[in-house]
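One chain, subunit A, links the two complexes that follow: it is found with subunit B in the first and with subunit C in the second.
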Partner chain A sequence: MFSQTKKYVLIFLIPSLILISTFVYYPLFSTIFYSFYNWRDFSNFRKFIGLGNYERLIKDVAVHKAIINTFIMLITVILFQVGFALILALMVHYLQKGYKFFRTVYFFPVTISGTAIGLMFYLAYGYEYGFLNSILTFFGKDKIIWITENSALFMVLIPIIWQYVGFYFVIFLAALSKIPQDFYDSALIDGASKIYSAVYISIPLIWDVIAVSLSLAIVGTFKVFDIVYVITGGGPMNASQVLGTYLHSVAFTGQNQGYGSAIGTLIIFLGLLLSVITNKFLKRDRITY
Partner chain B sequence: MKGEKFSILNVLSYLILILWAISTISPFLWVINNSFKTTSEILLNSLSFPKELSFRNYQQLGNYGNINMFKGFFNSFIISGSVVLLVLFISSLASFVLSRFDFRINKTFNSFATLAMLVPTFSIVIPALILVRKLGISGSYLSLILPQTALNLPFAILVLSSFMITLPKELEESALIDGANFLTILFKIILPLSIPGIVTVAIFVFLWSYNDLFMSMILIPIREKQPICVLLSLVSSIYGTNYGAMMSALVITIIPVLILYISLQEFVIKGLTAGAIKG
Partner chain C sequence: MSLLFLVFLLLFSLFIGSAQEKIKIRAVTYFTGEDPWTNVWQNVIKEFMKKYPNVEIIDEATPTAGDLIRTKMKTDFASGNEPDVAFFFIGADAEPLLKTGKVYTWDEDLEKDKDWSKNFYKGALEFARYKGSIKNYDGKIYALPTIGFYEGLFVNKDLFDKYNLELPVTWDKLLKAISVLKAKNIIPIAGSILDSYYLIETLILSAGGPEGHNTPFHPSWETGLNYIKRLYLLNAFPKDSLTLKDEQARELFYNKKAGMMINGSWCVGGLKDKVNTVIMPVPVILGGKAHPTDIIGGFGSGWYVSKELNEKKNGIPVKFVKYITSPEVEAKFIAIGGVPAIKCKVENVSPAAQSGYDMMEKARTVSMPIDAQINPEAFTYIRTNLAYVVTGKKTAKVLLSEARKIHEEAK
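After this line comes the complex of A and B, so read on.
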């Protein structure tokens, strides 16, 4: 290690400090500050209204809908994205074939922008020409209007879940490959089935990786924007609204920055709250091997 | 694992794995296939192959309404390229300090950076827009480059410093005795050895910036300077019923990412798994 007297190397930290403070922390605290103001059209005048924006937030039907949708998303993402990815990874792990092929194919959508994925599914759902209706026509069935008030949330959830299965698949596959083969061999001698050894050996041994993945997935649901924005824009009638799309429509389409800031503050607090809760629930003694 | 080759479980596993692979690839193939067809051909049957390989849809992308996808490409490379270079330069300076020295401030700086990673862009965008106006860079490339750089720094510092910490300490000690200064040590010794880490960071930062829609569309409201992702989000309303053009717009947006992914896949996957499994 260098001698401690050469402290001038600390100036290397300054550019990072300045940029992160200016463009992350300062705007973050400003958002909380602005949430107590009546502020519209990005004007230079804003009026302090205390908790006014928050009173409106509590009564706002669109906010309720967005929060409910986020929680539905949270549960489906955990079950069908992380859960399904785990099953796929276990299958490839036990078959021990096609490791590289499945990894390459499954991970590909992760690298594509939500905007492109959204547009792709928007086109696939199209009535006259869409992928889904073309398949229906091919089998001699009638065309369907895919996005309605009842189905909108479901139809945006499909690409959201579909896109990131490969992400968790890759993580789980790498974790599984670290388990020593002896564990399985001794289980096999004891007559354990593959499903038994998956449930009682593989899953407990990679539990800490599963926990990290779950918290990543939970934090991720609060960042959903692009896919919903492109496919439905949060509609029809807020049916597929999430907090991000609602903030965008309030602050930039509706030009109400004070109320938008209150929604921004709500997003921070919900995100923090859920991170704390998940960490508490998922904490388990790590099995070392 | 050894054992029976044709058990029901094995067959079922293969079936599910292959079906999922098909579900992953087929939407992309559908889009690529239709990008070579006229809209009337798409409406007739979107599953058929094109009668002739026509690039007409792609030729329209230069100007359609007020959208120029090729300009969007150019803008994206300026913005994302600058973000990658800035993030790499600034984060390697910080990572050098955090990984090769033990100052008391390092721990504080680490939590400062890690906490910044948790901040969602929704919660900073309104003041960020005001800030770039106050700084007089509103509407320029810089108004997006600076916030994106700041948002990617914590991740880059985390990955790079955990990479640099694994390099042997003797390297720079002898260089220091030879009278080298810190900048020389960083750029001549540490950085060349950190190239695998740098490549991983560069790929992830590029993808994040190139794929970002929310910050990009708000911080750059001027059409001529918007990156391709923002233009793509407008396509479905501006192209009306020209589905062929939409498909081709989608394809050219994906192509750079596809090339990057195919050529550098190992770095992407290694970076991802290293980060997640370490915790």
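After this line comes the complex of A and C, so read on.
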């Protein structure tokens, strides 16, 4: 009887397995395969060049800059996207009233597409017609060049962080709502402050959720593309270049799919490596209650 | 007997069904969204389908932004999903399409159907004559140009008149205009370093003349890029030119916030003031090899037909392209903008468009842009790294040698 159920489960799992294999694993392995070829113009003709594309990858200044930017983004995302979402969730959890209002307000940016957010911020940062400079002009101040070589990365990080704070906020809030009230009541009787309760009760009890969120945020950083592409395109002078935008520039604007595949393989490799490291470092015994 | 009648009825209904089935023609163009010719294209399709009710044109227009059309066309041809008809770039971008051997050649039709082919300007057709290593296409015309283009200096003449400035026909006059406009808080040139296609092409032409411009990585290319740097250091461009996109730069010119703009004929349709805008060649730089009338231009796109699909669909794709390349349809496209490849009567030409035609007509030479001559990756490298040159973080010589390496590797 049990094996019969297992058979049906397997039958129902097969369609999704086929879809994932076709649209995820096949392109993924194809990307690795093509990274060893000189392949351009999406043509049917390509030449095996071994590690040629990877040699170029090692020397490519734009790739170095993109990796550094991705790691800066990674740290910022962990601190401000996940960290800020946790603080907000803890505050709203203690607030108890108005829970739904804050959940809706903070979650709303997640529903807007990255391209639309990118365009909104691009228009806000504009020098001549930008929203921010309009405010400055209104108050009699001089206009500012918002996107420069020094500020570009920071300016694209603002919308990236803003967009996903709400996503982690909702996850944390849902996890916090599952903690029994008795724990807090007991802590209150023992004279624990709100901060003490948050650090010693709330955070340890939702640690597994925090770990998953951190993994998602880290992997997500390697997929950042749309917002950067629309606001700066990776420039000026690669100042806000990330691996995703550079891949697009090489593979689609430059029509070099072989080298683009090597950059894609690097993204896959770094994403996998960091998620393995994250899981190893954040692994703790799960507290059940 | 009744069985026989039933079989006959079935066969008859099948025959009627197949007779009524429309011939579907997939057409890929970039006439979509903000493209100035979108409306004309959509009306032309409707008119053709009205004229030939048994034909259905499936409009697969794909934008040029983000190089979407390049990706679509090349992957469609490589994967055996090529469209019946396409309006796509000629030059370097045609090579991967021709390599598949699926592209129809027009020489026979041009020879046989004189009533139709007599309307083409011979010079226009030459832009799509293949001269390369693919033997099957050597010396043949693989696409039919219809809308030509030019690149030049757009001048808001009313602003020049207001500040008593002469038209910048020489480099000195251009420098004077930059200095005066700056003093009056007008952006001198609405140019984008990020999307610096036209700055690169016109200034390299100015420095090296057609010979230097048309020779990949000629020494004059370095001079051309250094002159862009000079203009940048003179604050001739908008303050945010390193990140400003071409569309936004154009708006600055259209709204009279800028006195000049180096751009192409596709901007004529978007001009808000078509009376006070003058289009002229970019002045020759000091010591430049170009003639004052030399310009960048030509026919960068043409109508392609799939050889096999044309045979399968009884020549309808060719018939459709012949319809589009008729003088009547051409006039509709040219009324919006561009330079005609086919003799046609265009009425109500704006003064701005007329000045563009005059520039094209007086041109001693018309050179195709650099991005049609070198590998796209190498050109993208020059364009996206030009910011390093203008800000002094890299020399033009180093940038060009790096781009040359990419170009050589691609070969």
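Note that the second predicted complex is superposed on the first by the 265 of 289 C-alpha atoms of A that agree within 3 Å, B and C clash if a C-alpha of one lies under 4 Å from a C-alpha of the other, contacts with A are read in each partner's own complex, and residues count from 1 in each chain.
Criterion: a residue touches a chain if its C-beta (ideal position, glycine included) is under 8 Å from a C-beta of that chain, and two chains touch if they have at least 3 such contacts.
Here the structure is a predicted model, which means the values were calculated and not measured.
**Q** After aligning the two structures on subunit A, examine subunit B and subunit C and state clash or fit.
**A** They clash: once the shared chain is superposed, the two partners overlap in space.
**Q** A:Phe281 in the overlay: touching subunit B, subunit C, both, or neither? Say first, second, both or neither.
**A** The answer is neither, since A:Phe281 touches no partner chain.
**Q** For A:Phe42, is the partner it touches subunit B (first), subunit C (second), both, or none of the two (neither)?
**A** Both partners.
**Q** Applying the touch criterion given at the start, work out whether A:Glu128 contacts subunit B, subunit C, both or neither, answering first, second, both or neither.
**A** It touches subunit B and subunit C both.
**Q** Just to be sure I read the superposition right, which of the two partners does A:Phe71 touch: subunit B = first, subunit C = second, or both, or neither?
**A** So A:Phe71 meets neither subunit B nor subunit C here.
**Q** Applying the touch criterion given at the start, work out whether A:Val165 contacts subunit B, subunit C, both or neither, answering first, second, both or neither.
**A** Once the two structures are laid over each other on A, A:Val165 reaches subunit B alone.
**Q** Given the touch rule stated above, what does A:Tyr99 touch, subunit B (first), subunit C (second), both, or neither?
**A** neither
**Q** Between subunit B and subunit C, which one contacts more residues of subunit A in the superposed model?
**A** B
**Q** For A:Leu28 in the superposed arrangement: first (subunit B), second (subunit C), both or neither?
**A** first
**Q** Report for A:Tyr200: first if it touches subunit B alone, second if subunit C alone, otherwise both or neither.
**A** It touches nothing on subunit B or subunit C.
**Q** Considering only touches as defined above, state whether A:Gly235 meets subunit B (first), subunit C (second), both or neither.
**A** Only subunit C is touched by A:Gly235; subunit B is not.
**Q** Which residues would you name on subunit A as touching subunit B in one complex and subunit C in the other?
**A** Residues 42, 126, 128-129, 248, 252, which sit in both footprints.
**Q** Within the complex, which stretch of subunit A touches subunit B?
**A** 1-2, 4, 6-7, 9-10, 12-13, 15-17, 19-20, 22-28, 30-31, 34, 42, 87-88, 91-92, 94-96, 98, 101-109, 111-116, 118-124, 126, 128-131, 134-135, 137-138, 162, 165-167, 170-171, 174-175, 178, 184, 188, 194-195, 208-209, 212-213, 216, 219, 222-223, 225-226, 229-230, 243-244, 247-248, 251-252, 257, 260-261, 263-265, 267-268, 271-272, 275
**Q** Please name which positions on subunit C make contact with subunit A in the complex.
**A** It comes out as residues 66-67, 70-71, 74-75, 78, 95-96, 99-100, 193-194, 238-240, 242-244, 248, 251-252, 257, 376-377, 380-381, 384-385, 387-388, 391, 393, 409-410.
**Q** Enumerate the contact residues on subunit B facing subunit A in the complex.
**A** 1, 3, 9-10, 13-14, 16-17, 20-21, 23-28, 30-31, 42-43, 45-47, 90-91, 93-94, 96-97, 100-103, 105, 109, 112-113, 116, 118-131, 146-147, 149-151, 153-154, 157, 169, 172-173, 176, 182, 207, 210-214, 218, 229, 232-233, 235-236, 243, 246-247, 249-250, 253-254, 257-258, 260-261, 265, 268-269, 272-273, 276-277, 279
**Q** Mind pulling up the subunit A residues that touch subunit C in the complex?
**A** Contacts found on subunit A: 38, 40-45, 126-129, 143, 145, 147-149, 152, 232-233, 235-237, 248-250, 252-256.
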